[in-house]
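Heads up, the next two complexes both have chain A, just with different partners, chain B and then chain C.
This part shows the complex of A and B:
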């Protein structure tokens, strides 16, 4: 029964689908740790996806696409990096603006540059190569998960580990956590809070750029309007579920990826897709509620411990 | 002959038309404890922030161990051997003690923080100055006194030779304060220098070697502690003799105004924050609640005022059950309330003084007529209170956020006392207020008592409780641990009770 329900292809594509969300969630985690609430990942992924297609199309190489995607999202992230720090804007307002801007801007540029609306596909767009590991390719589960994934997927998980180590084991990470917890305390210890925040938001921008490139070049090598399709929002939820801890956020992403794969499967069973599309969001909502309840009981424990 | 460690010469700092520091000269000897005293707005904080490099002086120079200093930021001052423990701690509550201490100067091994060395270094430093603290504890779970030690450790870890302590005892129990004084003695024995900023005279007399008194941004007096008296320091600070003792006759308690029975708050998460509290406050008496902050006083007051519905127990106000009613109905039943935090709950900072003073009166004549506010009446009401309570403000139309702490507190006190309610709950009514204003507020509270009001006073300041209260309740760990008649209360007994040590206090 398992064999019929869970196929190698399903598992493989679930891992692929997690990648952009994971990278966006890492970005959100980093920003959260320095006290900048980033919920512009939806727009950042979209800008990254579009720029990746542009880069790939004009340079004729996937790597070119990835580089253009990173540069473009870092540039796009300057809005949040400076808006929420130097210009003391409200990050929620800034992020809503960025998400709207990304949607409109990519649609506009799509028309201007390629003369199409909706979806742009062209043989000239070079997709990311899937790394096929011959030794394990046919082994159930291990092969399904690890073989035939893009370099960005591998990188995403390596970055998850790196972000975790940097955050919790290095002076840089300690300083970042301090900046997020109490900026004025960090300032009295000689930390340039604004600089730490700006750089962190830009690094987070680079991560979402990678995520965007995976989105448009990882599986289909096309760009279509609003193709981030809520993934950035799911990442925001993952950040909140994970309470700015990269590993917990990653776990939340995996949970969402599985729910997504499950919904695809249910569609295959003949359920209407309007219904099955809801599954990942229902899972997310349930997870949010459970985590919130747990947090509340923990808060009341600490209050009692204080008394 | 002792050497001069730190010297400030002709420091001037202006904020617009206001001269916060007006040619201040300060000379601090190596290894001494030097008090800097003055009322609010005398320029102490400005001077300290200049000495600590947080802002540059407009004129004048700072000389540290013979060399002139030009700080671009606090970081330069820290590098030169200055340390400061701010009144509001600058700590990361979710991080451990050692993480807080090494923050910004972390020992590393192969690019990673050397946690073992960091914790060991902090433990060694703590042992050397007998600052008892567990390096691995999470700061947010520590008591205020221990957090202060973490702040001191932070400065010592950066090898501070001169340590500025800004109102360091404001949040401590008497026993914790004595512990701090021991630490200060250990530090000065090691030739470190302490700048002690405070309002509290008896502490200045107890621990300091010399005193510099500021008034209106100028140095008005330099004294050797041993050769002066509290009375003289007050005269220097205020320019007049202030009555230290509150004049009051014996209380004449009447009927019970406020009664609480079995009041319990926060029982859902395990141990209650307020644990079966019984309490009566009668007309014509001041009942004081003493206790170290965080032992349930805040929650108790919230339950008594309707800000929070208790989990069990009852509250009656003049015989009327009000347990589950909201604040407005509590007020209707006869409550006036001076909240702990004047800036967030006591006032609306961006609103004008007139609006702030009208709050609570807005539904009834004369400030409101047929559902509309009467601007003229509000202005008249505000002017009257501003004059009667001596609030220093240019116009009643100015937003209260422009006021100093003492004047802001006067706004709250003026408003609440003008509600002629039979019960007054005053929470930390003089926190951070200068000596002159304290005298005034204390006088008002006693006057209200003598008019037959019931007054419930919560204060972390033992001297205040002892000066004002007719009966003293000591709160510890959510319970009323003891009731002490004011006449029998000593600072030592109350201090022991506040630390929960009933047997020793008996």
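This part shows the complex of A and C:
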């Protein structure tokens, strides 16, 4: 039954749609592994998306946009990196504040810098180039997935592999996990827990900045207010579903991407978009229910740890 | 930085909230300055716009939903819980409040009362879903309450966009509610919703200070495990608190729909961002209802002033949202607002 729904174009757009969420989810797993609960990805993506458009507009190159996006998002992440560690603030409150700051600040700067509200589109915004590899374009599946994707999409999956390997196969990863699992034990081993946490949150900020750049320069080359539109929250859920494991989180992102593509498809069948837009969130909620049904007994401790 | 260095770094006891407001004002001024505006003029317009006697009705009118959504956030926060689903609950309440007088027969004033009660129950039940998910399956309410907003908003948008749309207008909205079922006005823009909201705020403060339930909720906020050992059944409490929180969101939706817009219009309940401003006001007071109400009034004044500022100086009023976020971030980082017992 699904066969009729899946088309090359749909797969291709799903892969595009997954990229920002995947990068944000990677950021979330990194933070989660060192014991900093990050739910500011919604705001981080937004800052990245805005900075990418600003950078691309003023430097005239997509690469410039990506660099500005990374720098701005890392700078923005300083709030969480230091607030939740050195100053020992509550990460939930900090993240709520960051999300609202991102929403307000990007809307404010949009009006002040470009004199528009809502959506900023300009031919001066250079979008990311799509990589075409002639050899694979015609192969079914592989070609559908990989052709005409941006470098950031490629990078996102490479980074997923790198993060997984670093986390589970290197001494650095062992220390990172140690910091998250038992900070005082790690401290005893001579690890500077605060520094590990700060640097990890900032690296996570860079990843989300990339995701933001994909969001605004990947398919559309525009910035519109609150264009992260819940993707950061979906990433938070992906991290939860994947229990801080990058590969499982990536799988959750794929599930979301397919749900998203499916909703686009349903819209094509004549269903109103108000209803189809809901599909990814409903799928996410169902996934949460299913995953928690199975591990009901173990979960009560993680709740008290989180909340 | 080690623990000992941190404690010597503490500022002398300047009250945290005024200090945070000061920091917000200074950083906001810098932002205005950098973007080529005149911060002094901006703040003067905010003050005049919010506090000049002629503008009080506007400020109060803006404060009714904002204080309402502040209480929505403050009630669970008092017990260390977070309800991020205010937007969805607001929409559920607003939609039900619009549909009852449109599709039920009966005399006007009775319909108003039924509509308000139905809106509160519907939104309360919707909020309870997240609480039930946490107590039954262990799904963190923090995220499920937020995610549940999306289906509610989408379905409401569909309902007023297609089956129950007012086809005489080009917008996705219901037809107008009959005059008899609207909330009576007091004067100018103010309606009976103001009185309703005052009653609710007083009731919440009373519950918090003078009842067993309020005591149990505060105890949970200080130490959930201790409250559990002390005999508070945490599961039912979670559901009760979320129901109350959602019901107030439903009331806010009903007041807006029955008192000022007279119809449910797609997106109109959400665009002012009451939910998030309310959450920030509640965080400012750490969930204590009286303080949260005060913070809600403060944010309402700030935002009403923001309209005046935008009109007079062309500085976008979204600046006030930036100010709010800076105040909360400063408090969270510097003074550990909302830091929960672990």
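Definition applied: the second predicted complex is superposed on the first by the 292 of 307 C-alpha atoms of A that agree within 3 Å, B and C clash if a C-alpha of one lies under 4 Å from a C-alpha of the other, contacts with A are read in each partner's own complex, and residues count from 1 in each chain.
One rule holds for everything that comes next: a contact is a pair of C-beta atoms (placed from the backbone, for glycine too) under 8 Å apart; a residue touches a chain by one contact, two chains touch by 3 or more.
None of these values were measured; they are calculated from a predicted model.
**Q** Per the overlay, which chain contacts more chain A residues, chain B or chain C?
**A** So, of the two partners, C touches more residues of chain A.
**Q** Have a look at where A:257 lands relative to chain B and chain C in the superposition and call it first, second, both or neither.
**A** A:257 contacts neither chain B nor chain C.
**Q** With the two complexes superposed on chain A, say which partner A:48 touches: chain B (first), chain C (second), both, or neither.
**A** A:48 sits against neither chain B nor chain C.
**Q** Of the partners chain B and chain C, which touch A:246 in the superposed model: first, second, both, neither?
**A** neither
**Q** Once chain A of both complexes is superposed, is A:209 in touch with chain B (first), chain C (second), both, or neither?
**A** In the superposition, A:209 touches no partner, neither chain B nor chain C.
**Q** So, does A:232 touch the first partner chain B, the second partner chain C, both, or neither?
**A** neither
**Q** Thinking of the overlay built on chain A, is A:188 touched by chain B (first), by chain C (second), by both, or by neither?
**A** first
**Q** In the superposed arrangement, does A:174 touch chain B (first), chain C (second), both or neither?
**A** First partner only.
**Q** Overlap of the chain B and chain C footprints on chain A, residue-wise?
**A** Touching chain B in the first complex and chain C in the second, residues 300, 302-304, 306-307 of chain A appear in both lists.
**Q** Going by the contact rule at the top, pick out the chain B residues touching chain A in the complex.
**A** 73-75, 78, 84, 86, 90-95, 99, 102-104, 106, 108, 111-113, 140-141, 154, 266, 268-273, 294-296, 477-478
**Q** State the interface residues of chain A toward chain C in the complex, per the touch definition above.
**A** 39, 79, 82-83, 86-90, 92-94, 96-98, 100-101, 103-105, 107-109, 111-113, 117, 194, 230, 233, 236-237, 240, 272, 274-275, 277-278, 281-282, 284-285, 288-289, 292-293, 295-296, 299-300, 302-304, 306-307
**Q** Sort out for me which residues of chain A touch chain B in the complex.
**A** 165, 169-171, 174-175, 177-178, 181-182, 184-186, 188-191, 297, 300-307
**Q** For chain C, which residues are in contact with chain A within the complex?
**A** Interface residues on chain C, with respect to chain A: 1, 6, 31, 35-37, 80-82, 84, 133-134, 137-144, 146-148, 150-151, 154-155, 157-158, 161-162, 224-225, 276, 279-280, 283, 316, 318-319, 321-322, 324-326, 328-329, 332-334, 336-340.
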